[in-house]
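Structure first, commentary second.
Labels for the chains are A, B, C and D, by order of writing; each one numbers its residues from 1.
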Amino acid sequence: MTDLARCVAEAYDIALPHRGEGKVADYIPALAGVDPQHFGFALALPDGTVHTAGDADISFSIQSVSKVFTLALALRRVGSALWDSVGREPSGSAFNSIVQLESEAGIPRNPLINAGAIATTDRLIDGRSGDATIAEILDFIRARACDHAVDVDLNVAASESETGARNRSLTHFMDAFGTLRHPVETVLGVYFRQCAIAMSCRQLARAGLFLAMEGRDPLGGEQLIDAHRARRINAIMMLCGHYDNSGEFAFRVGLPGKSGVGGGILCIAPGHGSIAVWSPGLNDAGTSLVGAIALEHFAYAAGWSVFD
Amino acid sequence: MTDLARCVAEAYDIALPHRGEGKVADYIPALAGVDPQHFGFALALPDGTVHTAGDADISFSIQSVSKVFTLALALRRVGSALWDSVGREPSGSAFNSIVQLESEAGIPRNPLINAGAIATTDRLIDGRSGDATIAEILDFIRARACDHAVDVDLNVAASESETGARNRSLTHFMDAFGTLRHPVETVLGVYFRQCAIAMSCRQLARAGLFLAMEGRDPLGGEQLIDAHRARRINAIMMLCGHYDNSGEFAFRVGLPGKSGVGGGILCIAPGHGSIAVWSPGLNDAGTSLVGAIALEHFAYAAGWSVFD
Amino acid sequence: MTDLARCVAEAYDIALPHRGEGKVADYIPALAGVDPQHFGFALALPDGTVHTAGDADISFSIQSVSKVFTLALALRRVGSALWDSVGREPSGSAFNSIVQLESEAGIPRNPLINAGAIATTDRLIDGRSGDATIAEILDFIRARACDHAVDVDLNVAASESETGARNRSLTHFMDAFGTLRHPVETVLGVYFRQCAIAMSCRQLARAGLFLAMEGRDPLGGEQLIDAHRARRINAIMMLCGHYDNSGEFAFRVGLPGKSGVGGGILCIAPGHGSIAVWSPGLNDAGTSLVGAIALEHFAYAAGWSVFD
Amino acid sequence: MTDLARCVAEAYDIALPHRGEGKVADYIPALAGVDPQHFGFALALPDGTVHTAGDADISFSIQSVSKVFTLALALRRVGSALWDSVGREPSGSAFNSIVQLESEAGIPRNPLINAGAIATTDRLIDGRSGDATIAEILDFIRARACDHAVDVDLNVAASESETGARNRSLTHFMDAFGTLRHPVETVLGVYFRQCAIAMSCRQLARAGLFLAMEGRDPLGGEQLIDAHRARRINAIMMLCGHYDNSGEFAFRVGLPGKSGVGGGILCIAPGHGSIAVWSPGLNDAGTSLVGAIALEHFAYAAGWSVFD
């Protein structure tokens, strides 16, 4: 057993007793029904190795973790012009606040809050259909995950749309400022589907690896995005990846990360590897409680926190 | 010439042509009169080496960089109880905004915005006199800087107090919420003096080194603060060190840092060393324009950005 | 010529030279195309007399003036339960601000800002269809105006819907808080149509007369709404009828009033009569510039300001 | 017994059973110690008659009711230039909110919220000493009240100053925006003393009478302020006199009024008279609970509500 494999196993074991703590997201039935006892962990390394523990091969709804991939794709497609539509600074407020949008004339603070992710998706569409856009997102993630079974859970997507009043409000609000380039329902159609992508920890860890490798696919060798764009994404994840809990996560884990209300977290260790954890119980800030504990211990054991 | 010495020299040379760009802080005469052509750079390494370039031995007003030292001292003195008085999350608003204070009942967002630094100073006082507190701050910085000449510029301190209406308002505001433990003028008396500490780049780089070494003084070997507190400070600097420009600084430099309106920036490279730069011209966000360029190139050349 | 007839004529003459000043609302073509030289004035008295001047018989889009009628009808239909959905206090912010809605959990400040009028319309629907609701509004207004020709300008209504991103955002926002009782598009369908009702000054002045007469139709004698509800509506008009310009209007005119961006203003003189003016040029606060001047002079001449 | 005398007696009797309800202001000991059973009522008429009921001759701390008098004096002294320092629109937020001040660059919304009253006092000082200013305020009120015994309760004033952190913060905040013309402590020295003026209902009702008479002293005949300034003050009282409860007060009482946390309310019936009530128990919005009930019944009985 390698040192890193041992770190994975230890982090899993230390976090395991906390399974079932926290609160499972319940705003849509498809999420509310997930067993809170699930807990998976996967570490993907640049050489192709993946170390796993627990439910690392069970699919879950990646939700806001998807924002990282659409950000990468939008930067690849429109480049720095993306920053006309969305900022790059922490928001200092809840993930779905509309106040900042008003005082800053429809420009969301960063691409990892809901409004900013919707604005990013709007730019990614770039004149295409919603279906073509979601196809590009899926193709990209499948290729990274080395698994063409990754797909949208249409049941979850439909529920997102039905309960998406706040996101609809945010999107119409940006539309009112004239900062949106496509019809509200086209943008939301892509956004709700990207949030409903289902993946396992193994797939997700693999899919994030290019961000740890300066934008390159370490296996195929392809430069997927420019190195400085990967750095940008990592910086944004570090500062904004967990809404109003980003400071706490940065201190405890010390790595760029993005959490989703489905209980998944993607964590990037630049130069080292990519980690995905999943456990549905959330802390008060909407981050997987067990997942954050596991990541904290793993980063410490591996010596990967960037702040020590 | 070592590689790092060369990185320092190169970073200095690349940023040099930008001298005089930006806007010198002019809210007090003592700052407004500083020559915008000044530019100093110092890198302090754990073995005691200091590599410098330019005006690295000329003293400047460290201003908000002082917040890092009072944060370290307050954490050492009152421990986690500090977080009863101040948060640890980015603020998403200007350095001196009062809006967040109102909605969060007098608890500032983090120790690196003005209100948070004032709250931190209030806790550091801990029942002592203002003079005893500023003496502790000076003693600590002098010992770290290996130079007992470091002192408060009383002329600057007096000007700060005279023009400090906004800081006075913030402090009375916290007092109104009952979150302050000492009289407003006692707290401000320490705060205005800590901001008026004058240091050179060489002194400042040395003084910050313990934050790069898990809280230990690398020369004397003394554990000045617990390792996890040093990590906490680094995380807070990364996320909140440059007000509304923290995201941009994190992307460009990739290291925890804290800027001051005097044109100084302290940057921590955990495990590697501590860097101080100084040039008075500020960008729109109040960070040294030349200093940020130099740091960006240095971090890139040294390969120290934590996001690649 | 009676004294009041002379007051009408004088007020018209004094305001006339200001025709063409101000800015015609241009967010929809149907409004932008209105001739800014129009200016009409009508005073309806309890005995059935209507004194008019200028373009008092030309129809215009009453826009937000319609909020007064839906408020009266909603109070009649659901009574005090209306206050579960909307407040009764001035908002201190622009007519379409969303910030207050967030801090007060989806309850708009009062029924005369857009969000509050939408919430009021939602309650007025009361389980019926949108068509049935707009039919009730039209029937009520036609009966009050003694003119069955009053109708919705469907061209304007369609434009309102097309350009209604902000109102859509506000409505979805309330929906996100669970404070809405009908589907967003049903509510907006009624709201956009009520705003698009076209009336002349003569019709509008007659239609408002019941508010000056403690809720009674002075001609037919029917008690349309309870006296204390008429008082409530008058108080809300006085305090909130002109968004961020309500204080100025109260001082200058001294009567409860409600303005619309079509350039119409309805003004109630309790116990005396009801006044409608129309001129499309708006002041900075969105109130008819010429209309406000005319009302100020009329109220002064008639001695009807409640503040002297 | 005249009709109005009967209205006073009835209003007193109807409200009497509510004595002791509400919450006595307890932020300073001098207010907290007042017997909640006190209840006084006085109606002053233009002919010099004063009808009273209950504790109409016991002095109480007029607190924010004083803002009406300083507003009148400031308008008389600096005229429309006052509006450079303070607005004339409802605030839509609590009496001591600082948020609006930040977004509107240090200009308070109106002269009846704390910040606006402090700004008004600043203008009233007009280069004089604090003592000269408070002397003018007292002279004016004594002359109006026909009683030279009216004075500042220095005990209350000292307590106000000691507990005045929020007001200090607001004042330094305005100072930071450069909108203040005198030193913070000079302005607050006047403000805290004006709030600590002690008067009886009889004195207060008399003192307010000029506002009901277009700015004239009905007994002496002196034009104290221009008629349009009296109208302005009445309009501001109607729209802003009770902070976040102004809409409710306008509906229930239908007259311009100003409440203070000492339990006093001054109410102006333009053309008719001036009413002062006092009972220390406050409703949630900080207005005298018993006082508001009495005023509602009196205004109804007298037929003086401007909204019917």
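Please note the rule applied: a residue touches a chain if its C-beta (ideal position, glycine included) is under 8 Å from a C-beta of that chain, and two chains touch if they have at least 3 such contacts.
Here is each chain with its UniProt name: A, B, C, D = Glutaminase.
These numbers come from a predicted model, not from an experiment.
Counted as hops between touching chains, the shortest connection from chain B (Glutaminase) to chain C (Glutaminase) is 2. When each chain is reduced to the average of its Cα atoms, B sits farthest from chain C (Glutaminase). Two copies of one sequence, chain B (Glutaminase) and chain D (Glutaminase), touch each other mainly through matching residues, since over half of the numbers at the interface are common to both.
Distance from the chain B (Glutaminase) centre to the chain D (Glutaminase) centre is 48 Å, each centre being the mean of its Cα atoms. The distance from the centre of chain A (Glutaminase) to the centre of chain B (Glutaminase), with each centre set as the mean of the Cα atoms, comes to 32 Å.
Counting partners per residue, chain B (Glutaminase) has 103 as the residues that reach two or more other chains. You'll find the chains touch as A-B, A-C, B-D, C-D. Residues 87-93, 100, 109-110, 214, 227, 230-232, 234-236, 238-240, 244-248, 250-251, 254, 256, 270-271, 305-308 of chain C (Glutaminase) are the ones that touch chain D (Glutaminase) when the two sit in their complex. By the touch criterion given at the top, residues 97-99, 102-103, 165-166, 168-173, 175-176, 184 of chain C (Glutaminase) touch chain A (Glutaminase) in their complex.
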